[in-house]
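Each structure below is given as structure tokens.
Each of the next two complexes has chain A plus one other chain: chain B in the first, chain C in the second.
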Partner chain A sequence: MIAGLYRAGDSPLHRTGAGTKLLALVLFGTLLLSVASPIVAAGGLLLVLGLYLAAGFGARIFLAQLRPVALVLVLLALAQLWLSTPSEALLLVLRFAALVLAAGLVTLTTRTADLVASLERRLSPLARLGLDVGKISLAVSLAIRFIPAVGQIAAEVREAQIARGRRPSPVSLVVPLIVRLLKMADEIAEAIDARS
Partner chain B sequence: MISIEGVRLERGGRTVLSGLDLTLAERRIGVVGANGSGKSSFARLVNGLLLPSAGRVTVDGLDTRREAKAVRRKVGFLFQNPDNQIVYPTVGEDLAFGLKGRGLAKPEIAERVAATLNRFGLEGFGDRLVHELSGGERQLVALAGVMILEPEWLVLDEPTTLLDRRNARAIMAAVAAMPQNVLLVTHDLTLLADFDRVLVFEAGRLATDAAPAAAIDAYLRIAG
Partner chain C sequence: MSTRDIVLIALFAALMAALGAFPPLMIPAIAVPVTAQSMGPMLAGGILGAKRGALSMLLFVVLVAAGLPLLSGGRGGLAIFAGPTAGFIFGWIVAAFATGLVVERFWAKLTFVTAFLAAAAGGIVLLYAIGIPWISLVGGVPLATAATGSAAFIPGDLIKAGLAAAAIVMVRRAYPMIRQEDRWRTAPSDDLD
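On to the complex of A and B.
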């Protein structure tokens, strides 16, 4: 879902309310998980593809949603082939891809502010139980905003290690990445204070 | 007017600033000093991001310790790195962030966002993704996000350090056109030529407080 990030447009999907789209996503996911037929799951994937086209998004954006999870999809498929049957592997991959793409479509066609406002409205009854709805919605918007930034920092750390003659590995990336993220978190908290 | 009375600041068991007694009322005030001299901490004291360990800081009589929220409405703060200041994915949403926090109605927010985009030459940027903008554009968006709240003072902490000359000039041109009082922390001494007053920090103390030419001479002697 996070990989999407809003792309301006005037399609019917862009104009549909955030709450409606979130509800439709939940229903779509539930239906997808309740069917056991690869053909139906493939139909779900085709439906999502059709919605991408209806929203004005081409193959580049469609594939960009799948790229971050491509490795996971391959690993899942291989695991299922090993543990189960080709039909099960196909079903799992189709379901997962359709869900990721559908969630991506929600963020691509919905402003973060609208998603957050919708979330706030739905969570507002819980405020009576002491839940700070404002903080939750701010956390959601920050998560969406900073996913690309985290990716960029990871790339910088990786480049710095290569430049110094080290071959980067997931383990060698983790510590400097976490240190920089913690520093960034401090600065963001300070900035939010300053703008409040 | 900003009043700093008998201020000492300690962080992590270390004295970062001490012996500060001054009043700030000029329209353009520069702050210079070597890395670690305490100039950024000084800037953070002014809008209550940091609170003094001793003494007090007031803005138009409002104490930063007791009335932090009211102080921050008067004093906007622009950080060095816009990436950590912009909290929403798109430009328009981010500009609206501070206004929502102040409880403004949606139509008024939309109107002020549009006016601010226009004022900063960011027409058409409302739906642009922040992470796709250049460094200069991001700093301009961060500045617009501060100025949309119409503070009386603007504190800028090395706002041009990460920018090329062209973008630095664009940011400073936007700042120069502002009617607000400005406190600018910088290493770029050329930005301070037209300022009314320059403070030079050294090792946590105010070493010089003078007009730009004299203060810059003093700083260059200290810096070596």
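On to the complex of A and C.
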């Protein structure tokens, strides 16, 4: 099982259910995007900052959440400054920072398994429309188990090629990897069908 | 949908994660690092076909949203979907579907050229047609500005479409996966392999 982005803790946020947090995130995002005021956006950002502190997260984790979007955000802010007004640029940066940080907070305080379980519960009413929730659960749990295995096979294929004195190129790596996965699929499917 | 289909969908979602762990390729002619991950939708659609390919990308996106750090560079979680470039992530589902649809159409006489066109149509043209308006809409910048910012990635994506096309053609020869009954819309039976 690979490690998720969840950070263990015992705060009220950690104990809140996944569905509640997702709903709160959607409401927060809707509110933030429907009011075009830098003051409201700054208030939202402060609220999120307070929630990080309440969840026991410091500045390092807080800033790490912003890193993946920082470059795009700076570029967009520069474009806004050039094409529009400084207040528009400020609104954009504040809104995205608040939204990205809020979404990151849900991820940090909710286990992957809880989020997946919440998704499955939400999908179960759709079973009447012909959606097979059992198969969705199977796909999710299989994929989570396959991720380390596929990474392992990829490393093996790479090592085998280096041992044969070949410099592994993307195609010479991907093709044997995929063929091995396709062969595995038949065996795994037979094993699952035999057990059920 | 058979158990085998479910297993294939899960395996290609996992392959997508493995591609994200590949070290990015630096090509001297272009300054942008080329990550292997965006080859994933092209490969999934081109090898599994439209429906299973798109479902494997949907599964991958769900796992990222559920908090697994599977995007290249170890990124993941809900924050990615709140950011301005989320259109490119959601676009992978459509990209795999479109690539699969074109590959299914040319399945009987699939060549490198048709596979490349399929990968480029889905994994570049359609993906940018979703990702660029998304940036423009949520970032409040004109389409042209968003397009200019994204253009730097096109040379790398063309290389990836070429690599994916080569892989699709080679895997088809070694292990053909798309059969008549797997196709999204049943094509005339005379082009069945």
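Methods note: the second predicted complex is superposed on the first by the 127 of 196 C-alpha atoms of A that agree within 3 Å, B and C clash if a C-alpha of one lies under 4 Å from a C-alpha of the other, contacts with A are read in each partner's own complex, and residues count from 1 in each chain.
Heads up, the rule we're going with is that a residue touches a chain if its C-beta (ideal position, glycine included) is under 8 Å from a C-beta of that chain, and two chains touch if they have at least 3 such contacts.
For clarity, every value in this text was computed on a predicted model and none was experimentally measured.
Peer 1: Thinking of the overlay built on chain A, is A:184 touched by chain B (first), by chain C (second), by both, or by neither?
Peer 2: The answer is both, since A:184 touches chain B and chain C.
Peer 1: Check the residue A:124 against both partner chains and state whether it touches chain B (first), chain C (second), both, or neither.
Peer 2: Neither: A:124 stays clear of chain B and chain C.
Peer 1: Going by the touch definition up top, name the partner, chain B or chain C, that contacts more of chain A.
Peer 2: Comparing touch counts on chain A for chain B and chain C gives C.
Peer 1: On the A-aligned overlay, A:194 touches which partner chain: chain B = first, chain C = second, or both, or neither?
Peer 2: A:194 contacts chain B only, not chain C.
Peer 1: Is A:87 contacted by the first partner chain B, the second partner chain C, both or neither?
Peer 2: neither
Peer 1: Could you say whether A:110 touches chain B, chain C, both of them, or neither, answering first, second, both or neither?
Peer 2: A:110 contacts chain C only, not chain B.
Peer 1: Can A:142 be said to touch chain B (first), chain C (second), both, or neither?
Peer 2: both
Peer 1: Of the two partner chains, chain B (first) and chain C (second), which one does A:8 touch, if any: first, second, both, or neither?
Peer 2: Touch partner of A:8: chain B, not chain C.
Peer 1: Using the superposition described at the top, list the residues of chain A that contact chain B and also contact chain C.
Peer 2: 5-6, 111-112, 138, 142, 144, 149, 184, 188, 192-193
Peer 1: Spell out the residues on chain C that touch chain A in their complex, using ranges where they run on.
Peer 2: 1-4, 6-15, 17-18, 21-22, 25, 36, 39, 43, 47, 55, 59-60, 62-63, 65-70, 73, 75-85, 135, 139-142, 145, 149, 163, 166-167, 170-171, 174-175, 177
Peer 1: If we count contacts the way the header does, which residues on chain B are in touch with chain A in the complex?
Peer 2: 44, 47, 49, 69, 72, 76-77, 79, 81, 83-90, 93, 96-98, 101, 127, 129-131, 145-146, 149
Peer 1: Touching residues of chain A toward chain C in the complex: what are they?
Peer 2: 2-6, 25, 29, 65, 68-69, 72-73, 75-76, 79-80, 83-84, 88, 92, 96, 99-104, 106-108, 110-112, 115-116, 119, 132, 135, 138-140, 142-144, 146-147, 149-151, 154, 170-171, 174-175, 177-179, 181-186, 188-189, 192-193
Peer 1: Under the definition above, what is the set of chain A residues touching chain B in their complex?
Peer 2: My answer: residues 5-6, 8, 111-113, 138, 141-142, 144-145, 148-149, 152, 184, 187-188, 190-196.
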